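Pasting the structures in now, so scroll down.
In what follows, chain A forms one complex with chain B and a second complex with chain C.
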Partner chain A sequence: MADTISGHAVAQAGRALGPGRAGRKSPLTWTGEFVRRHRLAPYLLLTPALAGIALVLLWPLLQVALYSFQNYGLGQVTGVLPTQWVGLSNFTATFKDPEFWLSLRNTVLFAVVAVPATLIVGTVVGLLLNRLGRKMAFFVSTSAILAWATPPVAGSVLFYWLFNPDGGLVDWTLSKMPHWLVGSTNWAGYNWTTNGALQAYTVIAVLVVWQSFPFIGVAVLAGLKTIPAELYEAARVDGASPWRVFWRITFPLMKPIFLVLFLLSVIWDFNMFTQAYLITGELGNQNEYNLPLYIYDKAFTFPPSYGLGGALALIFAVILLVVTAGYVRTSVRQGALT
Partner chain B sequence: MTAARAAAALRQRRPAAASRARTAKQARAAGLNGLGLLIALITLFPIFWMIATAFKPSQEIYSLTPSLVPAHPTLGNFRNVISGQAAGIGSVWLFFRNSLAVTLATVLFASLVSLLASVAVARFKFRFRASFLVMLLVVQMIPGQALIIALFRDFDALGLLDKLLGLIIVYSAQALPVSIWMLRNFVATVPKELEEAAAIDGASAPKIFWRILFPLVAPGLVATSIFAFVTAYNEFIVALTFLGQAHSTYTLPIYVTYFFGRGGAQWGPIMAASTLYTVPVVIFFLFVRRRLAGGLVAGAVKG
Partner chain C sequence: MNITRSAAAIGAAVALAGATAAIAGCGSSTPSSGASGVPAKLIVWRMGSPVASQETWMKGVVSQFHKKFPQFKNTKVVVDWIPWGNRTQDWTNALTSGKGGPDITELGNTDTPGWASQGALANVTSDVRAWSDGSQLIPGNLANDTLNGVTYAVPWFGGVRGIWYNKDQFAKAGITAAPTTWAELVSDAKALMKAYPGTYGLGAPSDYTNAIVSFIWGAGGQVAVQQGGKWVAQLNTPASEAGIKFYADLLLKYHVSPSKYIGETELGTVGATSGGSDEDFALGKLDMYIDGPWAESSLEAVSKKNMAQWASFPIPSEHGPNPAPAFAGGSDLGIWAKSPYKTADWDLITVMDSPSNATTFANSQGFFPEFTSKLSSGVYTSSPILSGFAKAAGYTQISPLNSKNWATADATDNIIPDMMKALMQGANFTATVNKANTELQNVLNTGSET
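Then we have the complex of A and B:
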């Protein structure tokens, strides 16, 4: 334990200075010595962070878990009715609700499309940035940073406007396209956001890919820089095609990075609330709910039901926990704890 | 023998082959540049359209043949947003100030607390170190939707729902796991010998912390603050739930959402508000672009 810093080293230095100083002890030095003797320094340093995490993240999670077994709703909040333990009834009610299964389906289908799309576009951009000249790479990465930096709320409102039936650019462009392409006057005034889940999530998927491919691209680029150039030299001498080079050299070497990016994307797309909330027209359009919207609606739409919302939040957290477990395992395996 | 003949053949063929190879290389470079240009333009287009709409007068916005650039650019939409006329809940500057206060307080608070914690993790060996690190990874993944119900009840009980302080507390705590995770790498790279030397010279622990460790970790703090900044500036669900109808405490995303939800298709002012909301964070990202790779990505890729 010799490599604890300051605390230990300072203790030694203090002893070396001799008894003259230790003679007149102020309460402050006394506390300092107590901390040193019991090696409390790391715990003291951790206290504020632990307090914050425990009070704002862990304690609410526990509370939500408790709500899920109670009939906690409007009557209980206002104090008119007593809070009772209701066993698993919030969970059985949830599993019987067709809306729950619909929003689960929307969530999963969205992730099945958006995750691969984001990863593919991001990887292509990462590979491209690695090959482009300095000026062009700067231009492409700058434009990617602009999309990345756009706040989700601004991006959602902007895409809602682009896909708007009244004056939106997308409908206008589609209606002016030639017939042999998708063009048709039916596109004029086409409503993307309230016509059904498929249309709404198409818009959301385009938006999410637009906002998240830059992150994937930059991460892939950072990974590419770590691959020794000799490997590519060797492949070039052997006359391997770029497609083959990617699958035989780049992909195997970057597998850990791709795995983490995949898991993060799954978690993010499952968690997607802001974009879904704004594009589907805030709350009320049940056919277009994903799980986060469904939970929020159950919990907060009048009359609020924190019990049902809690049960749902717990189910949702368990689903994500499975993904998170994979993420943590990968991180630990990659030596993240050292 | 064969090798010699092959070499001779190669030598003979070289000029033609070399020029062919050069043409192929040029064609490939042109193709790559073309693809890069295409991707960049597609990526930029939505942002361009937001800004273009913000500068268009309304008859141009709803024209049957939309024009790419404003034919008669106007500052009317921006004036409208600044006067607060269209949204009806106040000038955009009010919400800008709220967002700025919440963001700066979160960055300061989260940086300080996570610096302390990352020193503990990077410099000391203690009993629950590994468990603490795993906890950070797991906690970072807790979905916001799972917590919002309890947070709403708790902060209601504390009377912090319609106060910016409530948001600052939640955002700081939310930024902690990733900030600690990233900062500990920066702390670990500061040579321990410097601190030991200072300790031998009789410097106290706080003095070592502020005079030696802090200046050396400062670049790392910049990278960490990117995450806290983005968390606080962009956060939606907590602000939406906490701020409710307390218009004067709205942060920029809630203001834009309110404006958007009012309907009436005021796309000019809404795009002007969105542009004003987006500009600071874009400038910030471009300013720290060198650290984006090292900051956000290293934080996420390494865990």
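Then we have the complex of A and C:
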């Protein structure tokens, strides 16, 4: 539909601009007909944007790919050291490095916890918002949007102070609680952020869920508004429980939305950098790296190694593709995306 | 149409900018023919944050420079202050873009070999040779700035770490003389904790390589040594292991350091603006604190309550009586390779680093001058804070912290901090130290852990 209209428009524009004499086909008219016959208009219209993307995105991407097979670093930029092709050695060095696997483990485990937590909290809030009265819905959504609107840096600093061993609210509260409830750990002065990956990622997971559930909630709410009320009415007449209503009506109808939200959450949580960088002490604790921190450390800490960084970026991109592609494929087969 | 056209234009502009930056980045680093020209201004990068006394000092230096080198009397000297934490990023940006760099830069002395090897610094070998004051420089520190026979910077001031304490606390705990062995250090730390309940005796942050090496050296061990042109890591020799174990045991066995310092530097979590062992010492929550004399101003900024009682002693060696070798820290002055005015740069350096100017400068901020003649004067032994550090300054070591790949080993790969952190969290001692040893040897030799 769209392409026929635009093809028509282009042809018409050609006619208007051309000499316009009957019986003689000007080159412009001919071009217009060619475009229309082959339905090229949408592609022509896309070309400028594609060219822009190619220049700012594809060209650097190609550059990264080239670097990943070189020993490219600062000395190569300044010209005191020769740039050499090093084959696959950036890749083999990465796969041999135990810290790479540790970072990968931290990244995956974090996503395994944070993605479902974000989706569940967000969905519950979305369902709640759908049933609340106007005033209450306004209050809840405003509070949630504020958490969402808080910049990651500000949120991280906030959580850093909440969990600070020197008078942070969390440690102070835990130290005032009875031992039978919170264990006999010396909570006053408990170091959450640099004392181990489990503690640090507990803090980060709470932070990330807090900052990303509002988006899920709002998206779910928007989806819920599209479901015809008759379906819920019929379910109520049949006496279905809310649990059953959700799994039999809401979930199947909103599957495409959930799929998109799931994919976005996976990508966001794999890419989570700011919070991890600030909470774990700016690259000071290698056992708490996730993949983005690991890549940043290898690529940019002095002496920078852009070659190794490029290889890592490619590996990371492939990992993300693998993680998301499998799910997309099965879902397309199930027809959820069509 | 308008939108797509401007999008394409933006795309082209961005690509062009990227291309020019890349071309500029590939530019030659050799000086142009104007090396001896008269610059309108010289840019000096200083590390840290501006302090009034240092700005006054710099004004004096500039007027001397104008008087001594009349050909540069109209040259403006601009000092840019670079926070220590930003220096790597700022140097890298200046190097890769080829723009916005300094003419002269201050460097931490462990920075110099790495940056010289990346082509950031100009060759000053012949200038140093022709410089009359140059012969008075402490030879070992000048050697630190020399790579394969080429000198890239000159030492400007130096400093060593020692242990800070409070005189009144020592008196109340019944400690009459500063500890000179590890056993005394631990018993004194415990005595202080007994006299001041709720405090910790001696802070041992795990991310503190420059202090940990003193304990390795203090037991007679080495971090790594050069044999036949190759680095051999020595973290797992019995002597080195004794030093590593003692430092970890300050937390694990003697309980004189709190567990919250695990993963922290002496200044707390990296990037955090407060909450570290420095702050705890200034507030009286930590009895003994390892750092250099330069910490004084930041300790005062936290609290001035106890400052009249502050004093220092050198880090003890395992069995005494001489202190453990301290890491010889400090700063150098180098000429940026891309600076077009190398003659003027060098002339300004000779004024900034003249024995009298360098000494005034070092004294004003708790450092030591790099000239042998000035170091032996009595001025340092009379100050309670400086006397301990002055004693420590007599026993220093820098290798392998000045080796070409040390930045990779310590900053990128965190080898010693990671090892110490794992040990403090209860990891198997032998396996952890062996792993760090292998990684260290690989990095020192090849620049890569694997």
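By definition in this document, the second predicted complex is superposed on the first by the 262 of 338 C-alpha atoms of A that agree within 3 Å, B and C clash if a C-alpha of one lies under 4 Å from a C-alpha of the other, contacts with A are read in each partner's own complex, and residues count from 1 in each chain.
By definition in this document, a residue touches a chain if its C-beta (ideal position, glycine included) is under 8 Å from a C-beta of that chain, and two chains touch if they have at least 3 such contacts.
Since the structure is predicted, the reported quantities are computational estimates derived from the model, not experimental observations.
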### Query
Taking the superposition as given, does A:166 touch the first partner, chain B, the second, chain C, both, or neither?
both
### Task
Report the partner of chain A that touches more of its residues: chain B or chain C.
B
### Query
Is A:45 contacted by the first partner chain B, the second partner chain C, both or neither?
both
### Task
Please work out whether A:145 is in contact with chain B alone, chain C alone, both, or neither, and reply first, second, both or neither.
first
### Query
Is A:264 in contact with chain B, with chain C, with both, or with neither (first, second, both, neither)?
first
### Task
With the two complexes superposed on chain A, say which partner A:282 touches: chain B (first), chain C (second), both, or neither.
both
### Message
One more residue to check, A:190. First (chain B), second (chain C), both or neither?
### Response
second
### Task
In the overlay, answer first, second, both or neither for which of chain B and chain C A:55 touches.
both
### Message
Quick check on the superposed pair: does A:78 touch chain B, chain C, both, or neither? Answer first, second, both or neither.
### Response
second
### Query
Just which bits of chain A does chain B share with chain C as contact spots?
45, 48-49, 52-53, 55-56, 59-60, 160, 164, 166, 278, 282, 300
### Query
Which positions of chain A touch chain C when the two form their complex?
45, 48-49, 51-56, 59-60, 73-75, 77-81, 93, 96-97, 99, 160, 164-166, 186, 189-191, 193-196, 278, 281-288, 297-298, 300-304
### Message
Looking at the complex, which residues from chain B come into contact with chain A?
### Response
29, 32-33, 35-37, 39-41, 43-44, 46-47, 49-50, 53, 61-63, 66, 113-114, 116-117, 119-121, 123-126, 129-130, 132-135, 137-139, 141-154, 169-170, 172-174, 176-177, 180, 192, 195-196, 199-200, 202-205, 208-209, 233-234, 236-237, 240-241, 252-253, 256-257, 260-261, 265, 267, 270-271, 274, 277-278, 281-282, 284-286, 289, 292-293, 296-298, 300-303
### Query
Which bits of chain C are touching chain A when the two form their complex?
4-5, 7-8, 10-12, 14-15, 18, 25-29, 88, 91-92, 95-96, 114-115, 117-120, 207, 258-265, 269-272, 274-275, 279, 337, 407-408, 411-414, 417-418, 421-422, 425, 447-450
### Task
In the complex, go through chain A and note every residue touching chain B.
1, 3-7, 9-10, 12-13, 17, 32, 39, 41-43, 45-46, 48-50, 52-53, 55-61, 63-64, 67, 125, 128, 131-133, 136-137, 139-155, 157-162, 164, 166-167, 169, 172, 210, 214-215, 218-219, 221-223, 257, 260-261, 264, 267, 270-271, 273-274, 277-278, 282, 291-292, 295-296, 299-300, 306, 309-310, 313-314, 316-317, 320-321, 323-324, 327-328, 331-332, 334, 336-337
